[in-house]
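One chain, chain A, links the two complexes that follow: it is found with chain B in the first and with chain C in the second.
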Partner chain A sequence: MRPDAAVARYVFRLLLRSRLAVLMLAAGLVLIVGSFVLTWLTPGTERRTFLDVTYLGIEWMAILAPILGSTILQIQEFDQRTLWLILVRPPGRASFARGRFLGLAASSACITLACGLVLAGLLAVTGGLPERYLGPVLVAALGEVLILSAIGGLVTFLTTSYLTSLLVQLGIVILGYLSPVLPYLARKATVPLLDPLIRAVYWVVPHLSDFAVREFTEPAETWYLAALTGYAVLYAGVAVVVSMLAFRRRDV
Partner chain B sequence: MGVMGPAFELAEASKTYYTWRRLRKTPVTGVREVSLAVPRGVIFGLLGLNGAGKTTTMKLLVGIMHPDAGAVRVLGGDVKDPGIRARIGFLPELPYLPLQLGAVELLRCYGRMSGLAGTQLESRVSTALETAGLARGRPDPLHTFSKGMLQRVALAQVLLHEPEVIFADEPMSGLDPAGVHEMRELLLRLKAAGITVCINSHQIAEVERICDRVGVMAAGRLVREGAVGELLALAGTRRYRLVVLAKVPGGTGWGIEDIEVGEDALADVLQSQRARGARVLQIIAQRGSLEDVLLETIRQAGPGHAS
Partner chain C sequence: MRLPPLPPSAGLGARIPAALSLRRSAADRMWIDTLQYCGDVSFVIDRGRRLFRLSNATTDLDPGFEEAYAFGAAMLMWQCDRPEEAAALLRKGIAYNPGAVKLKYYLAAFTFSRLKDLAREIGVLEVLVRDPGAPFVLRRILANAYEKQGRPDRAAAIWRLIWLTDRNPSERRWVAAKCARYGIDPARFESATPPARTR
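Moving on to the complex of A and B:
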């Protein structure tokens, strides 16, 4: 087995065996079932309410799973030093960074897809299929998982405190959702250095608002989803390379 | 194994850490210009007080840390080389294991990372568990294990890929007397099998008992290194016990006195005893211990070395 795959398999098992995975899945199920109950309070728009809440839930699963997963890894690897017993084995630091990203992305994708499957099952039981938004929402959510897993890996290699890394990742997500308004804010900036700074942030943060396909008036078309996936793969690839470089000389 | 060079060596290796204090980056010396070459097939002990640089040296040797200057070579190669890392094992002071996984599951993961697969992986997992004294059948996650059981899992992960050099940081710390005995026997068995073992320990009596060579570290430097026998001989001639027959102070009778004296003061003490009319009955050269060597070496290394 390739070293990257061995590390990925280890990280995947580690995260799916953690309490986080159980909590996330439980939260996802409560949200989906809760939104189903909520439809009783909104007569006439039952289906719309149900789908709006569950799609939002899936999107947040795709955001929280990699962020919390990378934080758990940081606590275990650096604070509890489980990393020591990996770094003394053949996979090098670059392999470890790649494998860790793959494992984190795979476990986060599993949690997100599990919520999607429950939703699809519920729709099938209630005669709600076919649902045109389900596929695009899941594809976009997986794109977000890719990007945020790579960012999670990078941030946890750059910071020494899990609290800092958690806050930085949440900050990146917020800026990512605000990315469409950043050029406008840059134009309005009166302080000299603020304009280039905001523009730099615009180019660096992932444009997560583009992934909110549940808000589209029509389901996202295939070409849009392909472009979105391409962007996610490219962004994640760059972030993984940077995290490999960041981890190369870090003392643990 | 081919040409038998040293099992591991450090050449002028230095490592400095940096800590932030009051927004200032402060350098802290980990190890300074450490040079050491340990032959294959021996048990080598690293001794020193807390903060002497023993764990940093071990971290450099296993590749968890990289030196700022100098070189670290294990089994004739760079520890950054995955092929070299596949031939070393590391037992940390505390079993740094992810507690949500089961023992077999975790060992399989470590085995895959060490390049094992299929039936070879399964048989190595079974052998490692057996050697470490663990029953294979227990699938529970590690958080249900006792401290002693976790130490055994940590030991199993070291033996899993049959390394040629094992680095063990405080291998006997936290073990009960039976555990210490088992660990000692295991380390001796590994040595008999031709495996080089480097241990870092505060349990000097154990080090004296099982190690062939020792290195003493103080303030990040290696201040003494040699065969245990040589170092003990060095310490053995340095202290004497005098048994003298002298008048009881303030009385009329005679009594036996025991006086411990260092080599430097021996002549003066003998003269003063004779001058007070005492009879020296016996002069016993005391067998020094490794503890004496350690403390004496650190004292000789000068101020700042006893951290």
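Moving on to the complex of A and C:
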């Protein structure tokens, strides 16, 4: 575990010291200020508007942080060849893949939690606590961080350009949110080959729409959050194993 | 736990946000459109012709959005003289939210208004106005109902409440115009212990 932890620590520090963390936190602050401004347009439902926009922002942080983080890592490691400096020492490739995932997930989780803490602080100061949706939204967001960090690692090992990697990850996120619609599209497909293809996509992409607990009529219950967390851990685990196998064969 | 499925009549404008798990945000956007429309001169010119469609679209996206039902129905009933659309909106709200007592009170107020039973209408309005989340237009409606009932003293109490708690310039202009009809100076409403501000 020590090589994994060493790589994770390196990736974590690299990302948090990068402009990414600063930019994302600044974006989070702009979002919160923007939410306040938006409440001026909705007299009588200010709290609803503010919370809806802020929860959406937290979810977007959880999506963008690992995607942008993995892109930065790809630029640094492959395009700028810093990867060679890491691989000449132990750890091996498998440790590198695992540690990279852990570092990316940890840094993205920190960014997401920071936004959540700012929101909690604002609610505490304005007398808006307790807020029943905040906990479930943060748990679901961290689940998405786990999944997308694993996917980010896998995609960057499979692609050669950071732009392709970025587009593929965004495509997976969109398909993930559209996953409830995919079985319907499969049934409606007129070309025979499309039905099994769409069903295969349905089973492969992460079902991110299940993580949108901010849309629920009541705060998500504990059993649901536990199931989401279990799904996220399982999915991320499989993706990390596949990325370890993919990186073993990759030319650097 | 999840939002109920969209009705079959929902268009692409609702289906795309629904597919991307953005229904509540889309409902908030439609809500802003609704409020902007009600503040626009076209709302007065076409007598709120688009209000039912906007409120319906908002509540299709988020059927639990009680304020949208309440505000839309109140405006349709008392500002636009469209009682059928108001009642249809409320019945939809009650169907999706059977526990929403507020919406049932609104429907009762509409019924008494259409039956020209002013006393009962006022009784229900007095209950509704006490709700902190009540649309601001309800206080105007209650004050007008008191005037119609020949009780300007009670109407003046509502005008005083609006003057002391609401900083919206259009609401204060309305109060000043009402007070001018009875020779009341609104500045005299300022007292040593004003009620708590609601906005």
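We take it that the second predicted complex is superposed on the first by the 251 of 252 C-alpha atoms of A that agree within 3 Å, B and C clash if a C-alpha of one lies under 4 Å from a C-alpha of the other, contacts with A are read in each partner's own complex, and residues count from 1 in each chain.
We take it that a contact is a pair of C-beta atoms (placed from the backbone, for glycine too) under 8 Å apart; a residue touches a chain by one contact, two chains touch by 3 or more.
Here the structure is a predicted model, which is why all the values come from computation and not from measurement.
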| item | value |
| --- | --- |
| Fit or clash - chain C, chain B, common chain A | fit |
| Touched partner set for A:L14, first chain B, second chain C, both or neither | first |
| Contacts of A:G92 with chain B and chain C, given as first, second, both or neither | first |
| Following superposition on chain A: angle at chain A, chain B versus chain C, Cα, nearest 10° | 150 |
| First, second, both or neither for A:Y224, with chain B first and chain C second | second |
| Touched partner set for A:L178, first chain B, second chain C, both or neither | second |
| First, second, both or neither for A:P43, with chain B first and chain C second | second |
| Which superposed partner A:A6 touches (first chain B, second chain C, both, neither) | first |
| Chain B versus chain C as contact partner of A:R187, first or second or both or neither | neither |
| After superposition on chain A, the shortest CA separation from chain B to chain C (Å) | 36 |
| Chain B contact footprint on chain A (complex, rising order) | 1, 3, 6-7, 9-10, 13-14, 17-19, 76, 80-82, 84-92, 249, 251-252 |
| Of all residues in chain A, those that touch chain C in their complex | 38, 41-45, 48-49, 52-53, 56, 174, 177-178, 180-181, 208-209, 212, 214-218, 220-221, 224 |
| Touching residues on chain C, where the partner in the complex is chain A | 1-3, 19-25, 28, 31-32, 35-36, 64, 67, 71, 133, 135-136, 168, 199 |
| Parts of chain B lying in touch with chain A, wherever the complex brings them together | 17, 62-66, 80, 82-83, 85-86, 88-90, 92, 94, 96-98, 100-101, 105, 109-110, 112-115, 117, 141, 154, 157, 161 |
